[in-house]
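Listed below are the structures to be examined.
Here come two complexes built around chain A, the first alongside chain B, the second alongside chain C.
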Partner chain A sequence: MWRRASLYIYALVAVVYLTLPFAWVTAVSFMPEREVTQQRWWPEEPTMGNYNLYFQVDGRSADVGAAIARQFPRAIVNSLIIGTAVMLLNLTCGSLAAYALARLPFRGNLLLLLFYLGSRSVPGVAIMIPMYLLMRSYGLLDTHLSVILSHTTFTLPFTIWILKGYFQTVPLDLERAARVDGCTPLGALVRVFLPVTTPGLVAVGIFAFIASWGEFLFALLFTTTIASRPVTVLASDFAQELQVPFTVIAAGGVLVILLPLVLSFLFQRLIIQGIGGSVTG
Partner chain B sequence: MTVLNPSHLMSRTRDALPLLLNLPAVILLLAFIAYPIGISFWMSLHRYNLRRPDQVYFHGLDNYATILASSEFWNALWISLYFTFMAVLLVIVIAMAIALLLHESFRGRGVVRALLLIPWAIPGVVNGLMWVGLLGDYGAFNAMLADSVAVVNYLFGLDIVYTGMASPFVALNAAIGAHVWRSVPFACIIFLAAIQAIPTEQYRAARVDGATSWNRFRFITLPWLYHAVLVVAIFETMNGFRAFDLIYALTGGGPGDATHVIAWQTYKEAFARLDFGGANAYSYLITVITMTLAVIYIRLLYRRGLVQG
Partner chain C sequence: MARVRLKNLTKHFGDVVAVDNVTLDIADREFLTLLGPSGCGKTTLLNMIAGLESPTAGEVWFDDWNVTAVPPERRDIAMVFQTYALYPHMSVFDNVAFGLKMRGVPTEDRKRLVLEAAKTMEIELLLDRKPRALSGGQRQRVALARAIVRDPGVFLLDEPLSNLDAQLRVVMRTELKRLHGDLEMTFVYVTHDQAESLILSDRIVVMKDGEIQQIGTPESIYDNPANTFVAGFVGSPPINLLKGVLQQQESAAGAWRVVGDGFACNVSQSMVERIEDPLGREVFLGARAEDIGIESETNPEPGNTPVARASVVVREPMGSDLYLTVDVGGSNVKVRTRPDSRMDRGDGLDVFFDSEKIHLFDGQTGVSLMLDR
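Right, the complex of A and B next:
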């Protein structure tokens, strides 16, 4: 009995720790500005006003921060374009490489694996300047492509690593049967192997998407205007503007978080398996 | 002709496909990681300030000498070491506590596991903005901290003045707290996967032998988790030294230089002072530090025989 009760108290503490910061910010995003200064935990007179600011297309609002807020829908589209492209690039390059590493014994596979591991441990700040100069010299600054390329390179090693582990769990007989039936190795990969490994591919794709959606440093460096600026950078623009009420910033934050949050709830099982498998697999 | 067995030729054609399949990934990583790393080192050996683009010249290790002689670097390094050490420690303890909880079976476990993904899904920079609010003048946590300081003052007859994020001590530790909060889920999921891989017979045997729950944790769970703990430690060490977006949004390096972690210092060097030579030397020092730590950890793993080669 005591054990049970203490377990639930323990669980409650964990839940409070994990949710309280986000819950408070969500509550604040529905408060009128004056209620924040009263240090409330719950909006007394809930309002959508903070959110409305982000979807005013007419642009008449003179509120502080409105100029930035108005760019929001466009920034979301930018983030979607970048995230989707990063996801697709990860899936194509990643599944090809992982398939070779998991299935086809070849010389130099250990070397490749170490290369992938090594490139995963390179910190972003270490390559930010050459990357910036590289993008500048190719005229890619302020384009989606520059952000897509940088995001793909820092997610790809993780993708390959996880997919390799996942692919190795699929029974070999499946492809053998396909090969006996006359499939080429590539045909076996595309027609038999990939359909079976869909859960792993989905997990890895969602991973890459969420990582790209949340990345900040390269997005900040490479984008200068709303033509390519993703939501994370736009959200941080508020941090530079004084006088923007925190209720508005909170609403923006919630909007940025919404998509990755929904995705991670929808694909919860796959994500947890994916992260867990990255160590044990 | 089979006697000749042209295995060399055979294996070459056999190797061609897997290498071809790896080609796109390798090209991307060579172009956007390996090449920049090389350029970064080359630039770190140059005097290269964007304000004086006509004066780019090689001057060997001078940038490194300047940095190693500057108090800014040692300050940033010290702050990053403190930040990283505390973050790794707290992430491991908190993530372990939650993982052990999620291993128990109770009603609502699925809900806790789903909520675990909330901090993980939040982008670092938005996390920073969130904590700006939480710790700001009207923030929920700010009020709690102020109250607890008042209680401590009353209980121990002290008169600590609580100044919130204006205090270097609070700002740095708040940044650590926010960083840890976001990092816990990933570590927790890794721990959970490792715990679930422990054979249950061991626990049953221990229980039969009358081991206490602490002893079961100490002598069964912990040894089995050694590998996972080290993996998390490596990962979080690298993450700690990289911490940038949180600092950018939460403290902007301030107050004063209290939260000038080394990644922030590098960014400032490059894009505020436009000293690309010096900043690249900084980046290289970060890379060397994180790689060294990673190698030490991996060596440890090997020595304990926990990594199969």
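Right, the complex of A and C next:
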């Protein structure tokens, strides 16, 4: 009884702790500017005005921060392009690498796996300058590709590790049955193995996407114009301009969070199944 | 339909020799069982017939076709796995139809063949379900349907019954035997269950440590085991083995006996004649539980003297039979007797061996001394 009750209390505290900041930012984004200064928790006269600024509905170009806000749609598209590319790269390279590590015995596979893990423990700041020089020498600065590649370097090891563990739970007999039923090795991978491992693939795909979406450091370093700037970097511009209304910033924050939030909700069942679950024949 | 020939087949995994120089000729439409304890190489051998494992040395032939280097998808085989290995993302219908689809069978024919196979395996009502919604027995039937639907030349089964509960296993065993009778395919069946192998097979191949111990019909393997391993592995309860020495009696016209701790068993002259250097030879005396009599319950022939005086250690009633474990000179011997026997723990009794049915094995190598040299 008490065990159960304390569990519920703990869950409640966790939920409040995690969701309250989001809830408040969302609430503020619907407030007129003066309500924030009155330290309200809930908008009394809700307005879409802050969002309108981002989508140029009423053309209030004179507002402080409007110049930045107007670039938001483009930045979101940049983030989408980068995130989707990172996700696809993770899925193709990650699933093939994880399949090899899970199924094919080859010399040094453990070493390779540990190398991936080790590369994950290097802080991004430590390789910032070499990465910058590398991107510059290939002429990739201020392109989507520079951000895509840098994001893939730190998401891919994680993807490979998770997928390798997940792939190992797939009974070997499934692929053998597919081979006997007439599939080539690649056919067995495509027709039986990958469909069976969909939850795991969806999970790591979304993780990679969200990680890329939220990344700031490399994106800031490699991008200079709105041609390639993702939304996280653009949002930081608000800090450089004085007196941008807090309500406008909050609306920007909501726009940035929205997509990852929707993705996690849509696929939460698959994500949990993919990370913690296993495949049975 | 296919005859399967294995020529000097060998498989190494690193330093481990899983299959050691196996040569085997499996006749068309035969039901052949590979029998042995786990790790004896029987599944590896089956995988090499399927093409799922490539041999380190040796060849696999289907009729006049050397398939050694042919990948499994191009061999004319079907396989049933211990775990069934149904595709979890497909319905039962799609599971059964998958092999046909991969071989480019047109949709109409596919449907007809799947329904036929489903009818044979009595799973017509399950075709829309996903594998996870099936019971163990139903999954087994789907796995069999998936294998028979393609009408393969060779049908490979890897311990297909071992994940079923005891009752269902008996039902499916009968089903398999019926299937073999109906289908006229070559069956290669892997099991560690000696009862299954005796019931199902035309011939049994007993394996141990990657080597063939004996090949023969169930009767010949049971009645004339080639060595102590086969004798002990096939038959339930396992054969009783007693260590002793061959001796010739000075009285009784030079009759031969095996003498060991607490027992002395007569050996017929015809048996002794098959043995090289019989005098003083160390042997294992083998006697199955049903070939041993106790006291007045068997009718000892005139002049038949008891092999030993023993005492009952354990009494195990089995319904139709009663098994007694008796102590003979410090060794346990299992005896089958009538269920109405009153013998119980601590009772003393005389033990008789049927001298026509005893087995003699070499005391060192365990090889049978009874087989024709």
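Here, the second predicted complex is superposed on the first by the 253 of 281 C-alpha atoms of A that agree within 3 Å, B and C clash if a C-alpha of one lies under 4 Å from a C-alpha of the other, contacts with A are read in each partner's own complex, and residues count from 1 in each chain.
As a convention for this text, contacts are C-beta pairs under 8 Å (C-beta built on N, C-alpha and C of every residue); 3 or more make two chains touch, one makes a residue touch a chain.
This structure is a prediction, so every number in the text was calculated from the model and none was measured.
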Of the two partner chains, chain B (first) and chain C (second), which one does A:106 touch, if any: first, second, both, or neither? first
Does chain C touch more residues of chain A than chain B does, or is it the other way round? B
Mind working out whether A:14 is in touch with chain B, chain C, both or neither, as first, second, both or neither? first
For A:179, decide between first (touching chain B), second (touching chain C), both and neither. second
Using the superposition on chain A described above, determine whether A:30 touches chain B (first), chain C (second), both, or neither. neither
Regarding the shared-chain residue A:153, is it in contact with chain B (first), chain C (second), both, or neither? first
Once chain A of both complexes is superposed, is A:257 in touch with chain B (first), chain C (second), both, or neither? first
If you stack the two complexes on chain A, which partner ends up touching A:187: first (chain B), second (chain C), both, or neither? second
Intersected contact list for chain A, partners chain B and chain C 279-280
Parts of chain A lying in touch with chain C, wherever the complex brings them together: 171, 173-174, 176-184, 187, 192, 195-196, 198, 279-281
Interface residues, chain B side, partner chain A - complex: 11, 14-15, 17-19, 21-22, 24-26, 28-29, 31-37, 39-40, 43, 94, 97-98, 101, 104, 106, 108-109, 111-126, 128-134, 136, 138, 140-141, 143, 181, 184-186, 189-190, 192-194, 196-197, 227-228, 231, 238, 241-242, 244-245, 248-249, 252, 263, 266-267, 270-271, 276, 279-280, 283-284, 286-287, 290-291, 294
Given the complex with chain A, which residues does chain C contribute to the contact? 47, 50-52, 71-73, 77-79, 81-89, 98-99, 102-103, 131-132, 146
Quick check: in the complex, which residue numbers of chain A touch chain B? 4, 7-8, 10-11, 14-15, 17-22, 24-25, 28, 36-37, 39, 41, 89, 92-94, 96-97, 99-101, 104, 106-109, 112, 115-116, 119, 121-131, 133-134, 149-150, 152-154, 156-157, 160, 185-186, 210, 213-217, 220-221, 232-233, 235-236, 238-239, 246, 249-250, 252-253, 256-257, 260-261, 263-265, 268, 271-272, 275-280
